[in-house]
Amino acid sequence: MHHRADDGVQTRAVAGPPGLRTSVIRSVVHRAVVGHGDEVIGFEDGFKGLLDGRHRKLDLDAVSGILARGGTILGSSRLERARLREACESSKELAREYGIDVLIPIGGEGTLTAARMLSDAGLPVVGVPKTIDNDISSTDRTFGFDTAVGVATEAIDRLKTTAESHQRVMVVEVMGRHAGWIALESGMAGGAHGICLPERAFDPADLASMVEERFARGKKFAVICVAEGAHPAEGTMDYKKGAIDQFGHERFAGIGTKLAGELERRLGKEARPVILGHVQRGGTPTAYDRVLATRFGWHAVEAAHRGDFGKMTALKGTDIRMVPLAEATTELKRVPENRMDEAESVF
Amino acid sequence: MHHRADDGVQTRAVAGPPGLRTSVIRSVVHRAVVGHGDEVIGFEDGFKGLLDGRHRKLDLDAVSGILARGGTILGSSRLERARLREACESSKELAREYGIDVLIPIGGEGTLTAARMLSDAGLPVVGVPKTIDNDISSTDRTFGFDTAVGVATEAIDRLKTTAESHQRVMVVEVMGRHAGWIALESGMAGGAHGICLPERAFDPADLASMVEERFARGKKFAVICVAEGAHPAEGTMDYKKGAIDQFGHERFAGIGTKLAGELERRLGKEARPVILGHVQRGGTPTAYDRVLATRFGWHAVEAAHRGDFGKMTALKGTDIRMVPLAEATTELKRVPENRMDEAESVF
Amino acid sequence: MHHRADDGVQTRAVAGPPGLRTSVIRSVVHRAVVGHGDEVIGFEDGFKGLLDGRHRKLDLDAVSGILARGGTILGSSRLERARLREACESSKELAREYGIDVLIPIGGEGTLTAARMLSDAGLPVVGVPKTIDNDISSTDRTFGFDTAVGVATEAIDRLKTTAESHQRVMVVEVMGRHAGWIALESGMAGGAHGICLPERAFDPADLASMVEERFARGKKFAVICVAEGAHPAEGTMDYKKGAIDQFGHERFAGIGTKLAGELERRLGKEARPVILGHVQRGGTPTAYDRVLATRFGWHAVEAAHRGDFGKMTALKGTDIRMVPLAEATTELKRVPENRMDEAESVF
Amino acid sequence: MHHRADDGVQTRAVAGPPGLRTSVIRSVVHRAVVGHGDEVIGFEDGFKGLLDGRHRKLDLDAVSGILARGGTILGSSRLERARLREACESSKELAREYGIDVLIPIGGEGTLTAARMLSDAGLPVVGVPKTIDNDISSTDRTFGFDTAVGVATEAIDRLKTTAESHQRVMVVEVMGRHAGWIALESGMAGGAHGICLPERAFDPADLASMVEERFARGKKFAVICVAEGAHPAEGTMDYKKGAIDQFGHERFAGIGTKLAGELERRLGKEARPVILGHVQRGGTPTAYDRVLATRFGWHAVEAAHRGDFGKMTALKGTDIRMVPLAEATTELKRVPENRMDEAESVF
């Protein structure tokens, strides 16, 4: 490391709300401790732990056997914006207090925006993008996404058998509030007969026609894959967003349930909603995600040792590159037109 | 075969609503065609196809490569009781018309009750129990159950990681309207912290206490596994069954969603429902289910050749036995007290 | 508990070579600690740890989050017979030294025979059968078996696609030195075209004919599933067992490799061996195995509290019963004739 | 389409040795038939079927329900170089005979080199790269690779549990004769403690030291992942390649088995080889591979309609681009130094 912390120990802090992944932490610890002789500490529950001073040392034993585990070994939390601002103001003191040479936050849009604020406030920060939604700009993929797509695809595979046996229409709602990547790729991989994304308003009449054509051709079932953030085109369907509860969730009936009801009404056939929900999040990551996470961790440590701060790790083709946090957090990466065209024309 | 059909060809019919499984059909065809030189025909959409005369020949080619597929290659349907009675009355003509030496219906309580009616009406019938609910009496297990438990357990595994990372209460609703077998076994296998079954009314206050104790011990998450047919004890929770729609489904909010709301209210903590639904049904069957299905098919053919009619195949320990349909369909097999005690005391 | 240990603490010891499973340990700890207020200690590396005095306390925290893990949290070992005899002689002192009220060894034939010796020597013992080979008498199934069959079946599924694409004969060798349960059930579940078990000598000429018939019918591939302990009938194939190395393994070419070579010679077609080996052992257990393990653990603790010693937990139909260790260890449970007949006649 | 075939029907031919994948075929058929009104025919067993005139029409029904299947619906074959040259010479007649507007071969290095020869001979060709080895230049990834890495990683996960329980060294041999991509990524994803690739000779002394250090640190197991094409550095190990049989295989003991023996000799500890072999090839493809295959198929059809011949589909970042077959088949894509450095330094 370039700088030595006050207490004469090389230190590096890992923080990570919401959903810091074990395989990145493992990789950071291996590379930093074995490769550079650094000391690594982890803040419990991410930035919250940073402010509250709850942390613990992460050595090789702490990360042993965690590669096939999902989730986080540190916990995560949502931090109110006010407290984050407080952290920014006191960031230099914080860094001095813990003897931090670099802070490595791991997370999605919220975490990386916070990372950018801390970086702007003068803290040495290297970010790692982690979100199942794949909606971070400047990187081909975020990790967690491949695993979520795998879970959703397996569910669609299962639903297709049961839809076929029972001659039914199934509407499967997958995650993706602002970007439809999971719906796009799981719908394509699972061979869904219709895909609805937040990026392009759908017309329930088109979906109903597609189903009717299938039934007319003797294919007496259909599976439609819909992102939770998808919405009907203006005036095509009686639709309003459900009330939002105190925990930020739309209660009871999301778009999947509503679309199933609408299709039932139009088709006079049973249409069942299936809401995959949190099942897409946890569990053992795919090999793809573990490789990506491991490489991200490795490159984050190398960037830290080069003093390449204010950036995050990014996948570009087959390479890992460092891109400015500012560039990565300016806007969400949404599904482009040509990908939607591809998806719509193979089914 | 004992009897020869009118047209001089040995014939055997396979019918199967709702959810006739490919691996039984494959086994029946292999054993009957290769082992005995029989001819096998399958009725499309089960009993409906029998009445409508829609059937096709099932030879080795028709069942090639289907062992790892779930669902059915014949389709299935729900048949109204009136039409079934019609089938019973005309059953002997039906049998003569198709040259049927034996009818092998594959399904759950509805199918097997119909099978019993046809048998009582004089048709030669050998049943095969298939239901993911495992609620057929006189057999240790039905096939489809192991696969459903596997899917539900994997979902609970995933939810536990995410519940732990996000410090949440999750309520996962699994299938089981009248019998709680899936909830019992997936809850036990997944290590759910609470299990609610139709067989024993639950008290939400107990569940809330359990969660609070866990949080007090520093385990800041909990997963509760609830069968769709579970219900609160009288007076413990403001609860009424949802309205039933024209397709026989309780719309929008089942017990999982309601219980999550109730826990949120009591705990002041976020509690999220996850409804697994039809994902539990389809897909590649487990090895256990494939072995059971194959053995059931084999023994059904042997029973037919022995003229052992009016019975169904059943698993007893490690053996396959024939049990009277009358005995198997008298009452549903529900989870006994001692199994619930076991489950409640290991968590 | 009946007895109190010297130090006034109720104590129970868990030992388990070779391959003690985490889900049994978890269940024992939950039931004993939460249900009865007992104290549980685990001996590292099974009986070896018992003799060497290496043990640690197992409380709720020690078994948290291990249900989906395979393997053991305690390690395992093979113990030489002489040292075991030593343990038997000093068993009462051992029990007194550690304040043991009951010893719960978990394992296969070797472990349970040792358990019986310790029981005969006067130690209070309750055994739990665990072996992937399913070859313990007096129980319908051992746990670990369902998981091994699942892994082997998935491998056969994969090999069938590749055998079909490449028009090849594949010989897949699965575990089972003395009993062919894994080959029987994975071969049946995977739809192997031939199954060779230790219980019935095979004739390579029959296998070659079967393959030739398939190719003649236009099915230009075949998969044969062979237990590692299978052997050709006298005089049918030039065959001798390979040399045994210092670690007890037949080096290089087992029966799978030899049979593939023999078939290649006879058929003039490529026949490739695939040896699954240790892949069948580890990993996340199936839901079936986790339920069985949890129930075994629960009943072992209850038996201990009833003073029902010298027995092991056993699955009989859907019930868990206690059976004498003497009965369970007299002879291996091998595949009976009727199961082999079933398997041979559906393919 | 630009050209109309002699019989007035738009035609497109799909050929694909060795290992033409169903999901590409499905995508080609969907896009060509639905999107453009083309007619598609498939040649059985790839180029062999092209020469022998064995083909069949591929319409929507022919590709229904095959997305989750691996392997090929057309079969594949190895074609001798002489016959391929014959095909090149007669290629224009062939194209005229079948009324072919474009030939879409799907496969690895051999298939794509053949495709290039046919293209050079004047046939309109659009290639699709498919090989589990990921060794085709000019594309970030080939499809089939992600699935193979997934299977190998799951195997390593399982082997780690069993290696840990039994305190053993395991050497797992994965595919990759000339390029070590599978070993690199599955070794990294599975957390293998050593990785040996064809691209960099290994020294068994280094591997032995690594294992001894682990044992000294109390980690009494190790898993080493070795590509089948890996080899020891000159003079470090008594090693010669095994004899090659008539089917082109090294018989009995590949590098995995030999390295395990060498480690056993050096360490005096048991070291077991596990050879994954063909299990890596078949089975249900991952979601990643299905998306890639579907996009490749879609873009191949579009390229054909643009007359963009002599090229193959390639993944570049998140885009599908067309690259010249000449560029793609000049040299194998091997693991670069920096990827090996990454992999070696995180374990």
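We call the chains A, B, C and D, going by the order they appear; numbering starts again at 1 in every chain.
Convention: a contact is a pair of C-beta atoms (placed from the backbone, for glycine too) under 8 Å apart; a residue touches a chain by one contact, two chains touch by 3 or more.
It should be emphasised that the depicted structure is a prediction, and the values quoted were computed from it without experimental measurement.
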Contact-graph separation of chain A and chain C, given in steps at minimum: 2
Longest centre-to-centre distance from chain A, chain (CA-based): C
Rounded Å distance, chain A centre to chain B centre (Cα mean): 35
Chain A-chain D separation of Cα centroids, rounded to whole Å: 29
Centre distance in Å when chain B and chain D are each reduced to the mean of their C-alpha atoms: 40
Multi-partner residues of chain B (each touching 2 or more other chains): 154, 157, 284
Overall pattern in which the protein chains touch one another (line/ring/star/complete/other): ring
Chain A-touching residues of chain B, taken from the complex the two chains share: 18-20, 69-72, 75-77, 151, 154-155, 157-167, 170, 220, 247, 249, 252-253, 257, 261, 264, 270, 272, 274-283
Residues on chain A engaged by chain D in the complex (per definition of touch): 26-27, 30-31, 34-35, 64-65, 67-68, 140-141, 146, 149-150, 152-154, 157, 185-186, 188-191, 219, 284, 286-288, 290-291, 294-295, 297-298, 316-318, 342, 345-347
